[in-house]
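In what follows, a structure is listed as structure tokens, so that the remarks can point back to it.
Labels run A, B, C, D, E and F following the written order; every chain starts at residue 1.
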Amino acid sequence: MNNLSYFIVFGLLASLSHAIELDFCVGDPSLPRGPEGYACKDPTSVTTDDFVYTGFRGERTISNVFGNNVTLAFSDAFPALNGLGISMARLDFGAGGVIPLHSHRTSEVLILAKGSIIAGFIDANNTAYYKRLQVGDVMVFPQAMLHFQINVGRTPATAFVSLNGANPALQLTTPSLFAGNLPADIAEQITLLSHEEVMRMKRMFGTA
Amino acid sequence: MNNLSYFIVFGLLASLSHAIELDFCVGDPSLPRGPEGYACKDPTSVTTDDFVYTGFRGERTISNVFGNNVTLAFSDAFPALNGLGISMARLDFGAGGVIPLHSHRTSEVLILAKGSIIAGFIDANNTAYYKRLQVGDVMVFPQAMLHFQINVGRTPATAFVSLNGANPALQLTTPSLFAGNLPADIAEQITLLSHEEVMRMKRMFGTA
Amino acid sequence: MNNLSYFIVFGLLASLSHAIELDFCVGDPSLPRGPEGYACKDPTSVTTDDFVYTGFRGERTISNVFGNNVTLAFSDAFPALNGLGISMARLDFGAGGVIPLHSHRTSEVLILAKGSIIAGFIDANNTAYYKRLQVGDVMVFPQAMLHFQINVGRTPATAFVSLNGANPALQLTTPSLFAGNLPADIAEQITLLSHEEVMRMKRMFGTA
Amino acid sequence: MNNLSYFIVFGLLASLSHAIELDFCVGDPSLPRGPEGYACKDPTSVTTDDFVYTGFRGERTISNVFGNNVTLAFSDAFPALNGLGISMARLDFGAGGVIPLHSHRTSEVLILAKGSIIAGFIDANNTAYYKRLQVGDVMVFPQAMLHFQINVGRTPATAFVSLNGANPALQLTTPSLFAGNLPADIAEQITLLSHEEVMRMKRMFGTA
Amino acid sequence: MNNLSYFIVFGLLASLSHAIELDFCVGDPSLPRGPEGYACKDPTSVTTDDFVYTGFRGERTISNVFGNNVTLAFSDAFPALNGLGISMARLDFGAGGVIPLHSHRTSEVLILAKGSIIAGFIDANNTAYYKRLQVGDVMVFPQAMLHFQINVGRTPATAFVSLNGANPALQLTTPSLFAGNLPADIAEQITLLSHEEVMRMKRMFGTA
Amino acid sequence: MNNLSYFIVFGLLASLSHAIELDFCVGDPSLPRGPEGYACKDPTSVTTDDFVYTGFRGERTISNVFGNNVTLAFSDAFPALNGLGISMARLDFGAGGVIPLHSHRTSEVLILAKGSIIAGFIDANNTAYYKRLQVGDVMVFPQAMLHFQINVGRTPATAFVSLNGANPALQLTTPSLFAGNLPADIAEQITLLSHEEVMRMKRMFGTA
């Protein structure tokens, strides 16, 4: 009989608070998106599978010019991250592969899982901090600072990164300048690069 | 005539800024909910009554096994709190009543209004901080730390708490383990409690 | 023997993390203060008494022109609040007593413990939301909005408020204008009040 | 051929992250609004014009009793600010014009572009900090503090302000008290102003 | 000669901004600590080694009763994380090893590097979300929710976690109740566990 | 006599709250600096001059290779901004002058005060948003996005920017790569620029 009255209080707590909706807010891309993320999927349809991302399983093939393969577990691919302020990515490098210069609006930690890479960032005083990492080493890249990773080993390498945002943009410096719609003359003026080099880069990206 | 030109400027301010919508954002549960709360009710339909919560009025009867009665003024019950980052709850204790071990994602302050209770929390070094409070005493429970309250008097007790979130989850440790769908064998492994005790608890909660 | 190895792991956790220092950060006013609060008191000297504030005990006498008595449990009086983003205050009203117009940089919730008051706030569109509260009623005052409380009963009244900041400034409109060093001519220009009224107010505050 | 594989990786990044939606979130007022701002306009329909606000162009006429003209570039007028936590306003003063006493939930910086004004704020200890500014001078008004600007020159003046919120309310003290629905007797009690002065002010605002 | 004037402007930027100090704030434990972290180490003495944590290298031996070994890369062990809001930990499990029930004030993501574990969390409605993970799988544990990991394989397992705080407390439920100074009678009252079980647990932790 | 009792209550408020210290926290660079800014200067020594920055007065000479002159009113130059989350900068351009490609950890608004410039930013999908601005136009540059300004007029130009951080780093892309200690071979690998161009750039910055 004690049990009966017991359930009453917890039923009450549940019905008053509906706390389940904000313990998590699995994103529903079909609903309007605000500056802080997606609206929440109906919590009654959320299952354990929402909280598990399996997209990092298996091997990667390397087939682009940078010699890398990047898999993002950001809130679009892993909607349970929505509103929780954290995300991950898997970085695979072929021999000599590179994650080229880029930045995010968040900070990032990287752990090297396989191989040997040089990782580094540059601060606002133009000082570069870079080092060759061993398997298991962790490096931190402070918020918004330009950073990069280079596979200096002769074999493939794999690293995992975590960022303290659910959807941290990844802004790649070279493609920003040459792979999109920025005119060549502006690219030259804002970088001091030569006209010839700008045009060579744009040809590489098919935008010349 | 001065009045006339005067109204023009304030009409202008109002029409440009629509600031009323974000001076407050009374939650509308019929609209999509995001990680930061509900979408706002149409501000033109907001009245003073939205900002006043009357659910703490009157006496409480104690009828559950813990000997408590908890009334939550979180954003589901009091939608004007939506987006404002603050909430309240009323805690009533029968003689010997207890608010069992629990935690929130926010910090909490408690003020004792009637009776005499022991209140306490435990930090991440396993140190418990607990004390018998008098009427009018305030205790703070830091963010996410496990805490509890026990009515050690022979008469009923009442306390009010405030939390710095509009919808702070209330995660009760014992029900988390035994009142839901967590299997008994997992509960044993992650607590080191005996099989017998786990089954006794699950029977108490009707989940054995 | 299992116990022995057990302690090793928890000793390890404790020594690596020193987490006790940030489970809470009881303010030490003798150390430098930053924009987010005081530096932390040595955690080894923290006791339960740090987390309990007893300054709301007992009765209050009303002896000022507003007919109120305000007791602040902000981080200066209750250093355990430092860094936790929450605080409290006790408001006592004589018959006809008033907490005059003021604002904070935080939001606030009020609960009426005794008597009957009118509480209200004004939004940025000049709309006032005010209501007579009964014992137990809660009202929310959104962040930075001007608000007030008036004891409309014939007997004393008491309310408790909680604010989502450890040290929310309390800026009283009338004293801001007339009790400090603001020159009378500026006060007139920025309020449109008459010279005579400004001077009458300044005489009341002894600053004429 | 290198180019081809190159595009594959960037196409992949784009399709996995949809990062464009949160690099910015231009507000769409036709969608539900939450406590953190409007839902985002479809990013495929965003153009450069969304990021440029032209409402500050040209001259202003001064025609209200305060002798000012205020143009707000807050998120309602400039929806690209939605979610970015920053905004601007243009302040024009006739000779002797005033931006009367007011506050915001954000901090503010002001730069004087033309003329000579006295700008100031008052802190929670009733200390006023005010000074005559020259063209090019910058003054900061801390979060939620009452502040004001007065054109003390004989010629028009113009200033620009920036606030660290996309939609910072602008709460004008005098209109809050006298231009809206706050009853005269409450206005008197919460300010200590005389009945006569309150009625004079309300007549000025047409609310007597 | 152009080069010369060029350096002048960048020298100027550097000397005006001293931005290096806040691009990062490597913690200096000898300086006062505030609620947001340690004061910053002199930036001129910071080197790349500050940004690289090598404490995850190598193998782990499992020797405690839980069958785990936890290595924390929080801001005390890895001071470069100070102020950056992110951290990591390495979890090693013997066969049958467990990371017992615990919570943090932050959210957490886990990636399984070796072996096979069941990971799960419980929400505030007592619903458990748990699943057996494969190598490479990622699971997210929302802020402040109780969670756990169990090595269900017959071989060792290793996982890495990242949390969105530089020093997220790790509050272990069972040790909180039984390994510290919480009296047995309070532990019983706030958990409903039997006296016998509480005493058995306290004996296990050497606190009976 | 009423006046006397009146002062007592405000003296009480002041002595209990010391609120002046957190209404503002003018930075004192001689004290330890934390991740959120400098420790506060003694508030009793703060004067109005602390809140006014005069460093934007007067004309600028343009003498560097970019044809610009940048004056930063960040918290190092204007310590009253410490902890308030806002700052400003003045940008002067000679004919053809450029603020080269750069980013910050904050968002930014720009207002054009003189001349005619093209301002723009690039998002994480490599789309550039750029436009020629007239005097008075405002453009917003979202958080962490690469952006630039170019004086396309034949006469000098001046703009003022505001950023929602007290000390937003200004990371210039080209100097990050070529003006500091980043080795040429790394610069090549992470940008795909040619060896010849990298060496030409390094010679321009005197680091070859």
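Heads up, the rule we're going with is that a residue touches a chain if its C-beta (ideal position, glycine included) is under 8 Å from a C-beta of that chain, and two chains touch if they have at least 3 such contacts.
Because the structure is predicted, anything quoted here is derived from the model rather than measured.
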item: Starting at subunit A, fewest touch steps before arriving at subunit E; value: 1
item: Common touching chains of subunit F and subunit A; value: D, E
item: Given subunit B and subunit F, the chains that contact each of them; value: A, C, D, E
item: Of C-E and D-F, pair with higher C-beta contact tally; value: D-F
item: Furthest chain, CA centroid comparison against subunit C; value: A
item: Furthest chain, CA centroid comparison against subunit D; value: E
item: Reference interface A-E: repeating pair among C-D, A-F or B-C with over half of contacts shared; value: B-C
item: Shared interface numbering between subunit C and subunit B [over half = same, under half = different]; value: same
item: Separation of mean Cα positions, subunit E and subunit B [Å, integer]; value: 27
item: Chain centre separation (subunit A, subunit B; CA means) in Å; value: 34
item: Multi-chain contact residues (two or more partners), subunit F; value: 10, 17, 19, 23, 32, 34, 36, 65-66, 84, 120, 123-127, 130, 143, 145, 169-170, 172, 175, 179, 204
item: Overall pattern in which the protein chains touch one another (line/ring/star/complete/other); value: other
item: Pairs of chains in contact (touch as defined earlier), listed by label; value: A-B, A-D, A-E, A-F, B-C, B-D, B-E, C-D, C-E, C-F, D-F, E-F
item: Residue ranges of subunit B touching subunit C (in the complex, touch as defined); value: 10, 14, 17, 19-20, 23-24, 47-49, 51-54, 56-58, 73, 78, 80-81, 84-88, 107-109, 111, 113, 120-121, 123-127, 129-131, 133-143, 145, 160, 162-164
item: Complex contacts: residues of subunit C adjacent to subunit D; value: 65-66, 98, 100-101, 103-105, 118, 120, 122-128, 130, 143-146, 148, 150, 169-177, 179-182, 186, 189-194, 197, 200-201, 204
item: Contact set on subunit D toward subunit A in their complex; value: 2-3, 5-10, 12-13, 16-19, 21-23, 25, 28, 31-32, 34, 36-40, 82-84
item: Complex contact set, residues of subunit E against subunit C; value: 32-36, 63-66, 68-72, 74, 76-77, 167, 169-170, 172, 175, 179, 204-206
